[in-house]
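By written order: A, B, C and D. Residues from 1 in each chain.
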């Protein structure tokens, strides 16, 4: 589990031009440098089409943004776990608020990832759904109040009770599951506040991707730890 | 348009293990050899995660299986046109029966592909929907009665009137659109029958992917032309 | 076709509290009175659960807001055409921008409505998609640029070329299809402008539903005709 | 809670012609008679368009088949909780395998039903997802292995460990939640087996709907209790 040792910084590349294609590779390299310099584990979460190349040209751990819960066969336009694994993923985000999944698909996808020795990072929207997901025994639960996503308002400051409550409920079900803090984290103070609330890492996106120097912002982010 | 000169053979890799990862690369190379030997244009349609590698290691033209109709931005788990283009696609399937799209998304995606100098291959399920799509001016319309997909029963033999009707209606709206015949094509006779009905190529999948020697089946397929 | 004689005013009740349950019945009665007083055909489009009651207590023609393209059988939570017909619909909206449908489902649903002697009112988002839908021979095409829905800015004033273009293209394919103007219509001047552009009616929603006196607004709406 | 006193029989009408419109009313009356004669609570789950009429003409408790997780407003084609409540529902099925919902929507819909004094019956596909749902504190969890739905093979006989495991896990989280047994139940022996495994009722569909005499089959079903 060393690739996913906490505290950890996971960067969701989403579908920005600033994090697609050549820019995705550059961003992955910035993550690699920031991770090497800080000693903090950092993880890239690029679009499916960029996974192979980032795997080929960096040492950064890679998550898929989504896996379609289909078995091998006739499913045009789906992203198959086995294909993403060969391309180089170490795990996957599941149920991001921009790609919500059904309960049955979340359950099945966590199981498939585990059976393939891949990491699962399940996104949830509140304490209640985090508690439900804890029963599925994923590696990480990233709690992100959807109303804060993309706002620059950090959940650790605006709704600390969501982070604390999630940590408490999740740990009471399964101590091995690690809670991440998503939505609005972008500074060292946000990150420190998140860890102080019991989170063991953060899930980031636009705050880093759209910054002028992702590397510098990443280093500042982990500077208070 | 030389990469897509007709008659043409487009192979939809879907999500079979036999056409994922290393197997996708092997299949793309088989397509390349069969294309070189026969002089008939052949096109690979791999999963998103395999596009970059096939582009890097072969000269075969590449289609995406699907493009999500999103603009660059915050859309986790979507496949962005711009990202797929950088990875190496020459165009995309649109509206495959295993990934149906809304009318507005089909319209918008064809336009985006055209504006990016990429080819559009729109799948339709009957004469009626083919006629509707012809108004959007795609490069190709591939008509596939869904009840025949994956059956091994060729549309050119079982429902020739669907192919003929589609060719007639589509050409009456726009002579430049080429009609492909999907569903159940796997032999040289099927292919010849399709072209005799006015189709200018075929869209294939499991019949080739699951065969013992895709290369041999592809060469037999184009042997009667 | 007398129930749908043009010029016509179709009111989409959507899911406002002001147009649900008892309020839906009141709104349907306001439509009935306004229709009787003005001599202009008006049509109610309530939620599925309100159809039976409105049919029972008014003489106003009724459209469903949506029909799921399923056949009778095991489909929990779907709205079946046959069930809605027994409840009292005279037809249905299809492909509203808040309930987009796939191309294949639009085609199939128009056909089913026709085979059941029910009216089809297909919503489209631009000239291009209106032209495509004209091939399916629906009774009405209601063009609504999605960016104007709910804004109070009328399409007949802001984008007259969309209405004119839709009328011209649709009529060139099939003269019997009538074009409606949606999005932002709420005054007599808007309505007159729409008819002057060649539309034969309007599709309305929040501008009427949320007004203090729907009956009065409806009468004002048709006062310039 | 007397309307939902256990043991209970819930009949999902789905979208069969045999349970739509007039037939839905007849079926609801058969449920009412069987309930009166046996003293066992029985519940109708009709399509949205049939709710008002069944409420008006019978005393049988009514569930919706599905509720769309939207708030009042501009949502064409959705089924709003407030509208269904006025039409006469006492609660709703949630997350049926033929209408799977996202985790966030399940959570939110259970809460809305509770706040409206309506009953929630959440469908799940296995022990794992049942356990997760128990955290949301619904009134009922109906476990239905999807592979058995519509087969006539009863879960209580084919996979008793699914029923037992669900009861054990759910009760360990919240003793007030009652577990129902779905999929394949159609005889008195099936029903008795289900109750012996700890279930407090059953969720039925085609086995009753498609029978020649639903009333007789319902009475036989509860005859061994």
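Worth pointing out:
Assume a residue touches a chain if its C-beta (ideal position, glycine included) is under 8 Å from a C-beta of that chain, and two chains touch if they have at least 3 such contacts.
Worth saying up front: this structure is predicted, and the values here are computed from it rather than measured.
Taking each chain's centre as the mean of its CA atoms, B is the chain most distant from chain D.
Rounded to whole angstrom, the centroid-to-centroid distance between chain C and chain D, based on C-alpha atoms, equals 34 Å. Mean C-alpha positions place chain B and chain D at a centre distance of 44 Å. The multi-chain contact residues of chain A, meaning those touching 2 or more other chains, are 97.
Inter-chain contacts occur between A-B, A-D, B-C, C-D. Within the complex formed with chain A, the chain B residues making contact are 12, 14-17, 20-22, 24, 47-53, 65-66, 70, 72-80, 82-87, 93, 96-99, 149-150, 205-206. The residues of chain C lying in touch with chain B in their complex are 95, 97, 100-107, 124-126, 128-129, 131-133, 135-136, 146.
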